[in-house]
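Order as written gives the chain letters A, B, C and D; numbering starts at 1 within each chain.
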Amino acid sequence: MKALVYKGPGKKAIEDRPIPDIAAPTDAIVKIVKTTICGTDLHILKGDMPTCAPGRILGHEGIGVIETVGSAVTGFRTGDRVIVSCISSCGKCDYCRRGMYSHCIDGGWILGNKIDGTQAEYVRIPFADTSLYRIPAGADEEALVMLSDILPTGFECGVLNGKVQPGSTVAIVGAGPIGLAALLTSQFYSPAAIIVIDLDDNRLQISANLGATTVINNNDGKAVDKIMKMTGGRGVDTAVEAVGVPASFITCEDIVAPGGVIANIGVHGVKADLHLERLWDRNIAITTRLVDTVSTPMLLKTVQSRKIDPTRLITHHFKLNTIMDAYDTFDAAAKTNALKVIIDA
Amino acid sequence: MKALVYKGPGKKAIEDRPIPDIAAPTDAIVKIVKTTICGTDLHILKGDMPTCAPGRILGHEGIGVIETVGSAVTGFRTGDRVIVSCISSCGKCDYCRRGMYSHCIDGGWILGNKIDGTQAEYVRIPFADTSLYRIPAGADEEALVMLSDILPTGFECGVLNGKVQPGSTVAIVGAGPIGLAALLTSQFYSPAAIIVIDLDDNRLQISANLGATTVINNNDGKAVDKIMKMTGGRGVDTAVEAVGVPASFITCEDIVAPGGVIANIGVHGVKADLHLERLWDRNIAITTRLVDTVSTPMLLKTVQSRKIDPTRLITHHFKLNTIMDAYDTFDAAAKTNALKVIIDA
Amino acid sequence: MKALVYKGPGKKAIEDRPIPDIAAPTDAIVKIVKTTICGTDLHILKGDMPTCAPGRILGHEGIGVIETVGSAVTGFRTGDRVIVSCISSCGKCDYCRRGMYSHCIDGGWILGNKIDGTQAEYVRIPFADTSLYRIPAGADEEALVMLSDILPTGFECGVLNGKVQPGSTVAIVGAGPIGLAALLTSQFYSPAAIIVIDLDDNRLQISANLGATTVINNNDGKAVDKIMKMTGGRGVDTAVEAVGVPASFITCEDIVAPGGVIANIGVHGVKADLHLERLWDRNIAITTRLVDTVSTPMLLKTVQSRKIDPTRLITHHFKLNTIMDAYDTFDAAAKTNALKVIIDA
Amino acid sequence: MKALVYKGPGKKAIEDRPIPDIAAPTDAIVKIVKTTICGTDLHILKGDMPTCAPGRILGHEGIGVIETVGSAVTGFRTGDRVIVSCISSCGKCDYCRRGMYSHCIDGGWILGNKIDGTQAEYVRIPFADTSLYRIPAGADEEALVMLSDILPTGFECGVLNGKVQPGSTVAIVGAGPIGLAALLTSQFYSPAAIIVIDLDDNRLQISANLGATTVINNNDGKAVDKIMKMTGGRGVDTAVEAVGVPASFITCEDIVAPGGVIANIGVHGVKADLHLERLWDRNIAITTRLVDTVSTPMLLKTVQSRKIDPTRLITHHFKLNTIMDAYDTFDAAAKTNALKVIIDA
């Protein structure tokens, strides 16, 4: 089968690989129908993820059709259409039993990282019963590709951790795909204001289209001042960090109101300054989270009932044999205006 | 009346001052019976608190007797015995209505800071109906002095924010009075283990007496290693920072388990490094809080029903006219083994 | 001044009454601009409310202008435009401090019940600072009349107690003004389905217009069967009782899913059968609540940010001197299709 | 093997049965070391549980040793010592993923009910990885028999649902084994008062020994009056129903304070009157629950750290071949003072 393979820092290739086999009774083999590329895949390609060894098939998102199942799989059978979750969950360990699938002892984020992933014609999914979700008949399958990672990530790490409430004020720092997923899903809770901060006017325009009540281009470094003025000096109830660099985290520190939450989504490579000398008495919370995908069933219901339309995050389409172009397009987002790209397998 | 007055950085004096008068209809004048000294008073004396101007009578803790009340005070009358809360709460502003008395628009922590405090024979208490608590008949009044600040601070900022649970593992970094208050009140929730870390063997011995299941002297810098070993490499569910310096905050970052909470109590003067490159995917929360004293009625019930005995934090007794000695004793805690000192007015 | 006065069971009259005076330093006198009639007013008129004595001016809803304030009122001054809350809250008692204003020791629901109410040219509001809400400049004041009672009642008792969640399934039994308020405010949380059950086709049509995803006329007694079929035999996550009779409460018992909530809003005059023999192992909660109006600031933000339009509940307009007609119209709702009637004072 | 078999209403017998075999890859066969009898077993014997057919081996509690495991069991191996949970949880279905194991699609309470149970030398446990709990080395195994059912039931249905808090007031109606389990585990949260009501002086004496602050024999029907007097007319924050008859449920309705919770544990055979005409405006919650055993890992930690001693609920010991005597003793509790009886297999 065709597969996109990580070949070491800066290198990737389309290769021919054998179709994977069932390795454990709880496995399923899924024939990929649609997959996509995540910012994390770019991190791997930069060599930033030592957990991912050269030779790995990338990709942790997608939808497909069950090809075969192991002997202990009871929830799926050949021919079932499924969403692949980016997180593999054994369903048995202490973390899984507490809903923290991200820290599953034998699972977690392993797909396209420690085991071969979804940017291929077939993928082996461990713990299939607790790591795949059935696609309802008649669903828009492109929309559901967004349920593999980006929507639960924006929702769990940004919106749920950020305790977005009716009438509250939310700021999202970073309007990439993950920030936009937080923007879409924060509207589940009817906040009064959603401010999006970025440096790219195109992404800010998209943010406005997707429901932001204010967009701020922070090229002039005045976003904090503007937000404090807009909020009467009080700040925002929820500040979502969706970039992953110290500067944007510190912006969140600067704008969070007393009693508010800084909900970090960004993948950080270095430490940030925590200004405890200003924050110790502000009654705030700072949260971090690797997505657990525990909200996937809930999100599926919101998509099926048309509370959100995740296809609005999709900008480009490719075939698997042109996935190298898809990577180029996704990596050059500033030029191509790419958000999520769909790759048909 | 006699009062302990802040005279500028490094200086204090006992002075004669006029007995305060009712200034607003919601005021009460309280004749102080017992007061105490807080670590924050020492901060003021070092000149670290610009909000507190020279000339200020210090002190934000104590119990006393109502002398007079303003015309709008309905809950108290002359002769009532009361606990003075360190936080003044108007009961009307948005923050007060949300239970965040610490951020009360006209109140908050003003006593012995922006207005004259309790280390005197009399004190004026603004918003008396919502800033004083009635002492039940027959109560141990020395125990209740601990309800002005130290118990709600340890409980709200450390234990409630830290989500201490039955069977959970708690670490408290710092065994000063506030850390010990967190130690006492964390036992309300029956954690399986409470580890206390400090550099002072006397305080660790007291911690063991007060319920710590493990005490660690970190003079050798090996506390983190020991805790990770004790917890099977997992870390603690709740890490309480009760010192207020970067090193102890970073200890908390090092020992918090996935899914855990770092509950900051310490008053910090400088920033700390936040190692987001290690924490971004750990599903943790970091909380800060200036005590709201919203738990005072609950704590009063636990003292009255003998669930905790706060008098175990009291080490020394003085009279108001020897309060200068009380300060010396409290300030030289490493030598005197002082925790809380009671000053009879 | 003109006022609508309860004259004993079945009797009411417009009478001339003196303009009320400040009676306590925390009072305000409000000149009523707009008021309305509540279903509870009809209960009083039937003689069902022994707390309300003949001679009482009715009404507990409305907006107005501050005429005068008592000496202890600090938050309002003459000329301020305000929403009158149906609940008077002293802000000081244990219940108020816990956010349970409905059970305020000296307040609660007293307006138009134990003290004279808002269906008059002027009204005395006790505890003005904590029982009135400032109207933002430029607001639609008719919309805000709905914030006195109906919106917080539907929201707090039905939606918050009912734990409505994104993607969840809600059933509202009863499409009167309160049920419709629950319908409007449940949409803050993006449930996947909102089923409204009633016996009146007009109200069901309005429900559909206001966001119900399914409406069921239960004249054939088949609502339970239909809902169980729609939900695959599972039932609904939230069942809101908005009528106040045993039959509709039992409908809720019949349709609540395992793990779900029955949120009672209805004012009940008699007991209902609780089928514990079926419910003891269903992991459900049943909640009751007299509105606390603790959500009024939040609701005001949602109205101002146009998340809901409460004017859609207003069907008729009257002048105060025709309030007897307003009562007739409101009481004959089945014929007049009246929901909320606005009365300009 | 020897087994206690239900032979139809009123009849039971010790019979010889074949040792069970693995039937599904997720099964384990457990050699029972200790088991016990539950009040529910008596219900079955009365013929009240149509789900339990004659011929069934009874029992859903116990500890044992793994004899064999199915091919998909990864968490246990032959020789492991385990607690058997009364609830079988597949770990995969929607209910299990939400922590509602009691409603597991293929599991729930099936042991000794729909499949053969633990009152035998061996038992087949379905979904072994998610329905058994490893016994720590050196643990008191008799104590852990109480973790199969009685402690999680008292804790989850009574204490967690009842929201017991530090300083709060709890009433437990019924001092049988389940009520006493609620009594023991409510102390995890340091309530100020725990009132136990029963009709049996011996059980009340035991309640006092186990931590009740007040015990009331309600033979005179004055328990409600006494509790209302004790609480200043306010009532209790948490009322736990641990009997399962209408009268005790109504006692809970009579004593619950505004803002309080009625937490039902009792297994009810008939409906009860719900006095909504008094409760609709009391801001209360009523909860029901079949135990989920989701708290078993937490409870195990509290037992291991000696926060509670569940052996205090054990009154009698038998061998499996005298289990008929054990039933007699347990069934005649009023005469024998039996609480939990241990049966060594």
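For this structure, a couple of remarks:
In the analysis below, contacts are C-beta pairs under 8 Å (C-beta built on N, C-alpha and C of every residue); 3 or more make two chains touch, one makes a residue touch a chain.
Since the structure is predicted, the reported quantities are computational estimates derived from the model, not experimental observations.
Should one ask which of A-D and A-B has more C-beta pairs in contact, the pair is A-B.
By residue number, over half of the contacts seen at B-D repeat in one listed pair from B-C, C-D or A-C, namely A-C. Distance between chain A and chain D, defined via averaged C-alpha coordinates, is recorded as 42 Å.
Centroids of chain A and chain B (each the mean of its C-alpha atoms) stand 41 Å apart. The set of chain B residues touching two or more other chains comprises 297. Against chain D, in their complex, chain B makes its touches with residues 165-168, 187-190, 192-193, 213, 297-302, 304-305, 307.
Across the complex, chain D meets chain C through its residues 95, 98, 100, 102-103, 244, 246, 249, 258-259, 264, 266-277, 279-290, 292. Residue ranges on chain A touching chain D, taken from their complex, read 25-26, 71-72, 74-75, 91-92, 94, 96-97, 99, 129-130, 294, 297.
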